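The following block contains the structure, expressed as structure tokens.
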Amino acid sequence: MLTVTNLTSERDDRILFANLNFSLHAGDLLQIEGQNGSGKTTLLRILCGLSSHFSGKIYWQNQDVSQQLPNFLQALLYVGHHAGIKAALTAEENLRWMQRLHPLLNRCTITEALNQVGLYGYEDVPCYALSAGQQRRVSLARLYLSSHPLWILDEPFTAIDKKGVLEKEALIVKHVQQGGMCILTTHHDFDLPKQTIRRINLDQLAHTITSVDTTPSYLVSV
Amino acid sequence: MNFLNAAIKRELLLALRNRSEIINPLAFFLLVITLFPLAVSPEAKVLANIAPGIIWVAALLATLLSMDSLFKNDYDDGSLEQIVVSPQSLALLALGKVISHWLSTGFLLALLSPVLAVMLFLPSEAMPALVGSLLIGTPTLSLIGAIGAALTVGLRKGGVLISLLVLPLYIPVLIFGAATVQAGALNLPISGHLALLGAMMVFTLLLAPFAIAAALKLSIRN
Amino acid sequence: MNIKMPKWFYQLASPKWSYDIMGMLMPWFGLAALLLLVTGIVWGLMFAPPDYQQGNSYRIIYIHVPSAILAQSCFMLMAVAGIIGMVWKMKVAHIVAKSAAPIGASMTIIALSTGAIWGKPTWGAWWVWDARLTSMLILLFLYLGIIALYSAFSNKASGDQAASILTLVGVVNIPIIKYSVEWWNTLHQPASFTLTKKPAMPPEMWVPLLIMVLGYYCFFAYVLMARTRIELLEREHKSGWVTALLTDTP
Amino acid sequence: MNFLNAAIKRELLLALRNRSEIINPLAFFLLVITLFPLAVSPEAKVLANIAPGIIWVAALLATLLSMDSLFKNDYDDGSLEQIVVSPQSLALLALGKVISHWLSTGFLLALLSPVLAVMLFLPSEAMPALVGSLLIGTPTLSLIGAIGAALTVGLRKGGVLISLLVLPLYIPVLIFGAATVQAGALNLPISGHLALLGAMMVFTLLLAPFAIAAALKLSIRN
Amino acid sequence: MLTVTNLTSERDDRILFANLNFSLHAGDLLQIEGQNGSGKTTLLRILCGLSSHFSGKIYWQNQDVSQQLPNFLQALLYVGHHAGIKAALTAEENLRWMQRLHPLLNRCTITEALNQVGLYGYEDVPCYALSAGQQRRVSLARLYLSSHPLWILDEPFTAIDKKGVLEKEALIVKHVQQGGMCILTTHHDFDLPKQTIRRINLDQLAHTITSVDTTPSYLVSV
């Protein structure tokens, strides 16, 4: 269970969001919304411990994350803006290395995962010779491999074609239905009933803050 | 240990994939050394006199320059991020990277050095001192260089800034390394020198991985 | 640039035609190389008189000098092929240049190492920073750079052109290197050992040397054509004539 | 010409934006030169003797190393692509880049060199020869280096491959440059040497931009 | 008018498309469709002269493109996968440089264009401090500036938020309605009546080819 209290982030004197509070339980799917530059990526990176531009507290299983980082990292799968794959290695070699890093990438075999993302026949091609979407698919193959409880995904559908997006959406829904948690950002429409998905809109948050705070803050043009 | 192994293997695989990474520091070493007779003087007496210094400076520069890309690629493509959000030890990974870096630079430089020494008319009595000092001294260079690389990896075009950070720390190794070879050329005992170089290596080997890991985390979170 | 050239020149541009012509010429060059090299070696090593100063160690000349000569000719050939390839967009010329590069590099290495072996007894050192030796070493570096460049490009056509640019820049530079290196050497230090003074050789010594040089050229042509044909097949493996070739000969 | 102007201005602006790009080659030059007294010998007689060669080798290396990033950044972020699909002349742009590169390396190196020469006990009679040879010689180095940079820019981690390509071509400049300074130190006339260096510069200045442009197009289209 | 005849492209022995024929007239909007890795990016790059992995002919105004490249480039605006903007420069400086490259980026002032893409207030922020979407917006500001007849856009909407996508779609439609031409790829749904937009699907093309070897002429309905 992930809980966030009073999370505030500012960059270069612009407050992105302030006093953000939420908690995420098993089975929750949380979508961070907001226009470009509203701070979605920043928020996700803060949650993963990849950014120190924040104040506030983050708890994992009711304990401060910084007190039990290894536990938290054990449970976390993060897919960021950058694919995190080596161009010189093949898809298979890349995923094998990911498995070394994350013991919980053990749900199925690598070959199965690659088939699932439609890279059958490309196992042995070095990744630099793959198209933009195919490279992204290699990175997303981790979702099929993962038995992590918590997924944090930043624009996972970038460069993926329509059929691919539908498949990955279904996978994410399945993950939370089986008791996983997922936080993601995406500009794609996620067509799901209200009760399945929760949304936090950072644009609105930015609005509320600018009026309260005393720092000469900046209103993002809408 | 298992993970260290895997990390070393991955790095060597990557180095093999673009073989230029292995050949390049060697080629650079060779080329730099051939520049000196051309620029300074082709006379055997002059060259033999300055040969220990030149070879050591060239080895130092070859190590230093290959250092720059040690973490850069991993940073740019998001691999480093992935390692930071994984439960594996960053220090161990850093150690693995340095070891395989050394195997593909310092180690090969040491093996190649006698050939170049002959071209600079270094007396053959100095060969054991040359190879020995390079074998024991270059790991220290790799380790210290990796700290510099880790500190500068996140900076846009940190470029040659790393030289500025690292070269001052290289100086003791350089002085003792070159002195070892000079002693060897004069048929003086060299074991004292080698022991000192060895002590430096052990000392950095114990401390550097943690410094590297801390520096990497800093660079990522900036 | 549109410079009119004779017909055979354009025929050369056809991979199939070149492949066939080279197939025809190869056996002759192979045979000539074999005859000349065997004659030269046997004559040079067994029948030529020993040198009055160096005794028998001079006999390495029969390997050393032909490879040194060829190492330089090969670079010129690559430059000419590079120009033809760039100006007339002739793929075959690029392929010839590419096939020649490793041969030239090997010749340079042979010249360097036989020279080094020879240097030890005559000069007492494996290596001296003499003008000729230095420019030879630089030539080796140029060869290695060109080979590395060929292999670094994924698009073979791009690799060809990149290497051609480097070859042309390099060939412009070679006389400059030679000149500067010679000048540099004589400026600061009277060379302790000069290679430029020709040892007054009796004909029994230089005739086999001449035969060896000719043999080397034939051998070079033979290997070059063999390598070119292989490269042609590899590049054209999709085209009709290669498929036909492969299906014709079961 | 207008465009050449704009290109030079842009490059200088970029260099100013991350000032490290300007400082780094200078720092490298400085550091390499201080390594020699440490590695070879602190004696004035020895140093004065080898000073012309060392300063020229250091200038050559500083130029060479800063060369690597000349087109790399433009390639990676797509700027180079944009220039290729624009109606402007690529050769002119390349020339602009080289000129501003030289202004921020070779030119500054030449200005800094007398300070270092004093540290290496070079006699003061040699100073005009030193500064003059560097001013006239380094543009040739920048131009030739840019050809190498353009040829390797598209290669994954072309890295130090550029050294292999470029160093052999640098040798005549190095030989004449160092010889000029040596002649200067002996109070011999240097105008012949300088004229030769000047001729090399004019020659490369006329031809190199086209070679660079051709190489850049190749690298992009690979 | 752009005409393509018998365009064939293969990478590593995989045929991406063969004998593609189409032509584009004033007022045409052409969307290249296809799953990830089907060759959309490759096709666009070939059209712009950024790739040499092809055979076939491309005509501009009924003349071979390679015969009149400057003319063609004068008329072309290409927005690729890479943004083509310099991280160290501000949005305004970047666009000013683009204007130097392309004389036809003259429809409105840079400030107006930046306002249009919602970057009002960010003119003076260096681009590395912008979010992924904001960086993309800087690149797309060119569309507002452009009076080029031909636009070639590769996934222009990547990372752009929903409101931004709608605005840019409207802009593209306006461009073709005013007699411009546009070729683009996008995985977003482009909701337009059939007569406004033409589509080429590379998946189908790939299918037909792989079975036939003798390269039949495949004509896309125009």
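Lettered A, B, C, D and E in written order, each chain numbered from 1.
The definition used in the following text is that a contact is a pair of C-beta atoms (placed from the backbone, for glycine too) under 8 Å apart; a residue touches a chain by one contact, two chains touch by 3 or more.
Note that this is a predicted model, so its numbers are computed, not measured.
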Partner chains that subunit A and subunit D have in common:
B, E
Between which chains do we find the greatest number of C-beta pairs in contact?
B-D
Taking CA centroids for every chain, report which one is farthest away from subunit A.
C
CA centre of subunit A versus CA centre of subunit E: separation in Å?
30
Length of the line joining the C-alpha centres of subunit B and subunit E, rounded to whole Å
46
Between subunit D and subunit E, tell me the centre distance in angstrom, where each centre is the average of that chain's C-alpha atoms.
38
Inter-chain centre distance, subunit A versus subunit C - centres from mean C-alpha coordinates, in Å
58
Could you pull out the residues of subunit C that touch at least 2 other chains?
141, 144, 148, 152, 154-155, 158, 181, 184, 188
Two or more partner chains touched - positions in subunit E
52, 81, 87-88
By residue number and range, which residues of subunit D touch two or more other chains?
18, 73, 155-156, 158, 161, 164, 167-168, 171, 175, 221-222
Can you tell me which positions in subunit A touch subunit E when the two form their complex?
11-12, 34-41, 81, 118, 122, 125, 129-134, 136-137, 155, 158-165, 187, 189, 218, 220-221
Sort out for me which residues of subunit E touch subunit C in the complex.
52-53
Touching residues on subunit C, where the partner in the complex is subunit B:
125-130, 134, 137, 141, 144, 148, 152, 181, 184-185, 188-189
Residues of subunit B defined as touching subunit D within the complex:
18, 20-21, 24-25, 27-28, 31-32, 35-36, 38-41, 46, 49-50, 52-54, 56-57, 60-61, 65-66, 69, 73, 155-161, 163-164, 167, 171, 174-175, 178
Listed in rising order, subunit B residues that touch subunit A in their complex are 3, 6-7, 10, 13-14, 17-18, 73, 76-79, 81-88, 220-222
